[in-house]
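Order as written gives the chain letters A, B, C and D; numbering starts at 1 within each chain.
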Amino acid sequence: MTKEIGVGMVGHAFMGAVHSHAWRSVHRFFDVPLTPRLAAIGGRDKARTEDAAAKYGWAAAETDWRALVERDDVDLVDICTPGDTHAEIALAALAAGKHVLCEKPLANTVAEAEAMTAAAEEAARRGVRSMVAFNYRRVPAVALARRLVAEGRVGEVRHVRAVYLQDWLSDPAAPMTWRLRREQAGSGALGDLGAHIVDAAQFVTGSEVTGVSAVTETFVRERPDGDGRAPVTVDDAAIFLARFSSGALGTFEATRYALGRKNAMRLEVNGDRGSLAFDFESMNELSVYFEEGGTSGFRRILVTEADHPYVGAWWPPGHLIGYEHTFTHEAADFLTAIGGGADPEPGFADGLRVQRVLAAVEESAANRSEWTGIGGTA
Amino acid sequence: MTKEIGVGMVGHAFMGAVHSHAWRSVHRFFDVPLTPRLAAIGGRDKARTEDAAAKYGWAAAETDWRALVERDDVDLVDICTPGDTHAEIALAALAAGKHVLCEKPLANTVAEAEAMTAAAEEAARRGVRSMVAFNYRRVPAVALARRLVAEGRVGEVRHVRAVYLQDWLSDPAAPMTWRLRREQAGSGALGDLGAHIVDAAQFVTGSEVTGVSAVTETFVRERPDGDGRAPVTVDDAAIFLARFSSGALGTFEATRYALGRKNAMRLEVNGDRGSLAFDFESMNELSVYFEEGGTSGFRRILVTEADHPYVGAWWPPGHLIGYEHTFTHEAADFLTAIGGGADPEPGFADGLRVQRVLAAVEESAANRSEWTGIGGTA
Amino acid sequence: MTKEIGVGMVGHAFMGAVHSHAWRSVHRFFDVPLTPRLAAIGGRDKARTEDAAAKYGWAAAETDWRALVERDDVDLVDICTPGDTHAEIALAALAAGKHVLCEKPLANTVAEAEAMTAAAEEAARRGVRSMVAFNYRRVPAVALARRLVAEGRVGEVRHVRAVYLQDWLSDPAAPMTWRLRREQAGSGALGDLGAHIVDAAQFVTGSEVTGVSAVTETFVRERPDGDGRAPVTVDDAAIFLARFSSGALGTFEATRYALGRKNAMRLEVNGDRGSLAFDFESMNELSVYFEEGGTSGFRRILVTEADHPYVGAWWPPGHLIGYEHTFTHEAADFLTAIGGGADPEPGFADGLRVQRVLAAVEESAANRSEWTGIGGTA
Amino acid sequence: MTKEIGVGMVGHAFMGAVHSHAWRSVHRFFDVPLTPRLAAIGGRDKARTEDAAAKYGWAAAETDWRALVERDDVDLVDICTPGDTHAEIALAALAAGKHVLCEKPLANTVAEAEAMTAAAEEAARRGVRSMVAFNYRRVPAVALARRLVAEGRVGEVRHVRAVYLQDWLSDPAAPMTWRLRREQAGSGALGDLGAHIVDAAQFVTGSEVTGVSAVTETFVRERPDGDGRAPVTVDDAAIFLARFSSGALGTFEATRYALGRKNAMRLEVNGDRGSLAFDFESMNELSVYFEEGGTSGFRRILVTEADHPYVGAWWPPGHLIGYEHTFTHEAADFLTAIGGGADPEPGFADGLRVQRVLAAVEESAANRSEWTGIGGTA
């Protein structure tokens, strides 16, 4: 058994369940330099937090995140709360010398993200590491896509086509949630789904979005909330055009109204030597095209071979992995970075970069879709 | 045998070959009120036009389109030439009392399209019919999609996602053609491919594009031309966001640089009761989703049943049809309209509507992607 | 225009419609040495045969096939009738010095097929050509599959998996037809569908079936026939195991009870260097796997490129062809063989080979599935 | 926390890794009446077993399976060894009053399976439970398929089409393993892969195989083994025809030579009201066809909804699960049965039933494929 690292996690809903599984399992499959010890889980409601601790295997439950951050047995703080609380918790944890894994989007505003990035850079100089949880980078097929682009097998990229389609708001009777309140969620489909495809597109192509033209829409402006109704204050859908630093064109769409598309995070990249296509609903596959004369065609690579990214830790060829494995990969990468004294990717700076794109989308949408450059793009 | 109608066709390249096949075959499969007689084919080069006449089965060859239009044995003029000549030929034919089938895009400018539409309306009052050749409306799967939307099975449409992807310009060494010269083609991927998806999206949804925000790009600005090189003066790709009169959002992309996508004219529509998806590379299929509890899923309808649009004229279930069948359907619909004394769809007004969208795309692209309304939208 | 060849066709139902189209169109797309002239169509019912002549473009209608065969303006006899009449017509036509194209299965019995093959070989010495209409060899994707096997790209073949699935008898209320009467059809799904997959498997692999073990079944033994009911005297489904001369194993299934499979003629071949998969419901595609390390995967080749078999005669990449094109290809190949003084493939000997496999299937099925060698296999 | 149950597992290779994960995780996701305690892992090599104990989280390591079975802290014995040891271990464990989970195939011979079944039945009377690990029954899509058949939505089943295709022996240079030795593995592809599809076909249709006709083959008869070569004494592939008690026909194929098919366990069922198709390489999907007029088509159900079998324990719609989840489901079902005092399914009798089919396959293959009834079929 390697040296232990104490983990404290704030939040115990959907993300909390997945992250817990990752911390419990990562060392069973990956040779990590540090073995996670599930020290404490944090939540506001005492009973529910204690239930979560028992169910997910955490040693202690804290109802005050500040107390959790300050615990001596916590070396790493994992932030799984809504976006409005990310900055405060992350800044406190970094100040306390705790490594930080923060769920995406990094923050609800560019200003918060900038402050977090500055703090993370300062902390890194003290050996304190931070990572933003863009888990889709850890899908083996997505990591393979990046590898193929980096190796030049796709050539010069001309087009990026990225959508993230869900349908759980299609029904106007679907109830209100915190995800539909601007003050908590920051934005709607844009921040929740759009953030993933902006990061994935930049990650896979190795190129940055430099400007956008956007439209956002809220189709259903009020939803049932307890006995009454509450206003939806975020976007239901966001569509935008983009240019990349490489000269490629991009189209993006994030929506919760694409009936029948349950979790269709899709990315297609066309270069002058090859093309790539991915769909998270078939997450173990990567579709790849190379120009090969009369036998050219999009091939469906089942990304389950031992030499594919992350896959060697799992099962034989043709045996699929699932959603939560991406978090286990994330935990493995973070522990490896901490153990090796290196900054992990994606860092807070990557989260900030995405945040700036989201901000430009909202600005363009509010301004007759006028072309809007990304602040701070190199 | 029904009464004959003399057809004169101008142009003998790709479109000429397909249209010839339609005129030769339509009455073998469909009960049309008029049987086409292939009276004359027109082209500028005498030898090549005569070769085409022999190969495709036309009785005469004309090197002057005016002479063709004026022939007594020509009752219907079929225009298969580049866009810069459409207006002149169509106006002359309508003036001469000839029915006109005109390839898309209707014209290279809105002004030309307006003049053609006015002439078509005037001619219609004299019983002279005109149609624009948006053949993709005649794909059985596309016609079925429209039927399902019209029957309300998709509900209120929230999203339209339309792309037309080809890849024949991916290679920078691909040579110059008339399609890359603005003076002949009007525009590039926008007019050639974008026109199809704008029309198809409006046709299937029964709703009109009211405004756009656009980006166009020319990736390769010079191409080999004989011994030298010539400038490419049209767009290589066009991407745009749209709103529909129904309130739906749309994303559009037309490109000739999507390596591996040979003729991927794709359309997806998401409503609040159902969704539809089509890909011309699998043109005999329509993918449809209805909300049906635990057995919901996108179903692949093989659109080859006798009760599907147009299909009863062809083969048993599961036996596919191909690209040229859409032109045979078009010919059948046009002959039926002429024989029945009705105006066919899509008429020149529909072509004009598409032309206005294309013009708005170019205007927005030239104006920092600013939101641009569609002139003349009802 | 090349020299003409007079065609006489016996039969005017489904196959008659498709064959007529092929004879009318073949020279419009292919450079054939002989141009078909549609001289006469034959059928038993005078009125219906005359209607068919008018509809399909035949110059004359004959109600006696012997008269048709003897016409001076008929150089080629195309047999599109049920299997019980093939031998008689073919023998008469060959004796009269007419080239013969015969629909599959070649005959209803091995004895008939042997007689036909002997007559065809004798006729060939007089320059009279004969071909059996296994049109699925003319699907570009199937022809490409054979090319890839012949080039060694699949390596040594281990497995063949062939099914032909239809569903038009799933409903027990579907009415009686000649296809369900042994005296006319010879057998049921076995001869109608099984014949195609046996030929296709032998064609693609270049290897012959040497023995089989089989089960046949008639699920519904009586069907509505006019006011009464009639017994079904053929198989509804046939399943069989096979060995090939190459050492490969094969599984075969032909049925009309595979609900939802409309015309799923599927063939998969696994070799030690590559694999191939085809489905007629996506007839413009060939799925191919080569061992290529980390980017291996089944690729979907859209078989619509100019250098793919037959495709150069048709449309640009990505534009599909349909079912009837396979007959046009068949006509082109037959005319080319006749014009070039060569024996076409597949000849009657190929039809006999398939017939022997079908006979062995019936024998094994009647004999507790016992292994049954193919008579006459080299 | 619910009451604990001590688990002892024999075997620590591939199956051991997966089972360990299931025992560690099951109570984190499912409300099970007993919480597994990983008491001891057994293996022959002391160092390797201790490493496995540390890696997988077992409290103790035993090098003698008898010692493991007799431990007081072991209430349940999980058998993950090659098939030649199943009977001995299971009989000892049942005799010792330990619940038994046994990997498939249940045994290497029918006689062993009969003895095990008898012992299990006797033990059940003492409240000791046993289950055979046909984990593919626990794929949500497979369980949904069974539910649809049971509800009558498929109607009367006519056809079953089952294949299990792998390719890891395609290369003749692949080395020898215990799986290729008859004395350890019992049979080759037949027992390893064929057992799964026989069980799955019987499970989904609720009908039993009553007879078979079979061919087996060993393509490569010697393989590299250390410095030398060793004979392969099992089948490389097995193909067989079957009849079911319901009257349906079945075709089966198990092979390790289907190049490019990595783990294609596929099952298709055609009834007279509907059809089902499953492929383990897309294990989160079930393809379903119902007859619904003009909108009929195979629909791809993404089996990730909360009301699908097992899925409610996991993630939101569209978030996939992987291979090991089927073992977690198996553990949940077994613990639920033990806690509830009920016999779990599939029991040893189900394993015996499969074993008899496998024996009949070998008998038929050795006897000119002659039809062979299944011993003991009800």
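FYI, a contact is a pair of C-beta atoms (placed from the backbone, for glycine too) under 8 Å apart; a residue touches a chain by one contact, two chains touch by 3 or more.
Note that the coordinates shown come from a computational prediction; the quantities given were computed from them, not determined experimentally.
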When C-D and B-D are ranked by contacting C-beta pairs, first place goes to C-D
When contact pairs are matched by residue number, over half of those of A-C recur among B-C, B-D or A-D in B-D
Between the Cα centroids of chain B and chain C the separation in whole angstrom comes to 36
In whole angstrom, the CA-centroid distance of chain C from chain D equals 42
Per the C-alpha centroid definition, the whole-Å distance linking chain B and chain D comes out as 55
Residues in chain C with touches to at least two other chains are numbered 261, 296-298, 302
Given the complex, residues on chain D that touch chain A span 1, 14, 18, 20-21, 24-25, 28, 54-57, 166, 168, 261-264, 280-284, 302, 304, 314-325
Chain A partner, complex, touching residues on chain C are 144, 148, 286, 288, 290, 293-302, 305, 307-308
In the complex, the residues of chain C that touch chain D are 158-159, 161, 163, 165, 167, 170-172, 213-215, 217, 219, 237, 239-241, 243, 247, 249, 251, 253, 255, 257-261, 270-275, 289, 291, 296-298, 368-371
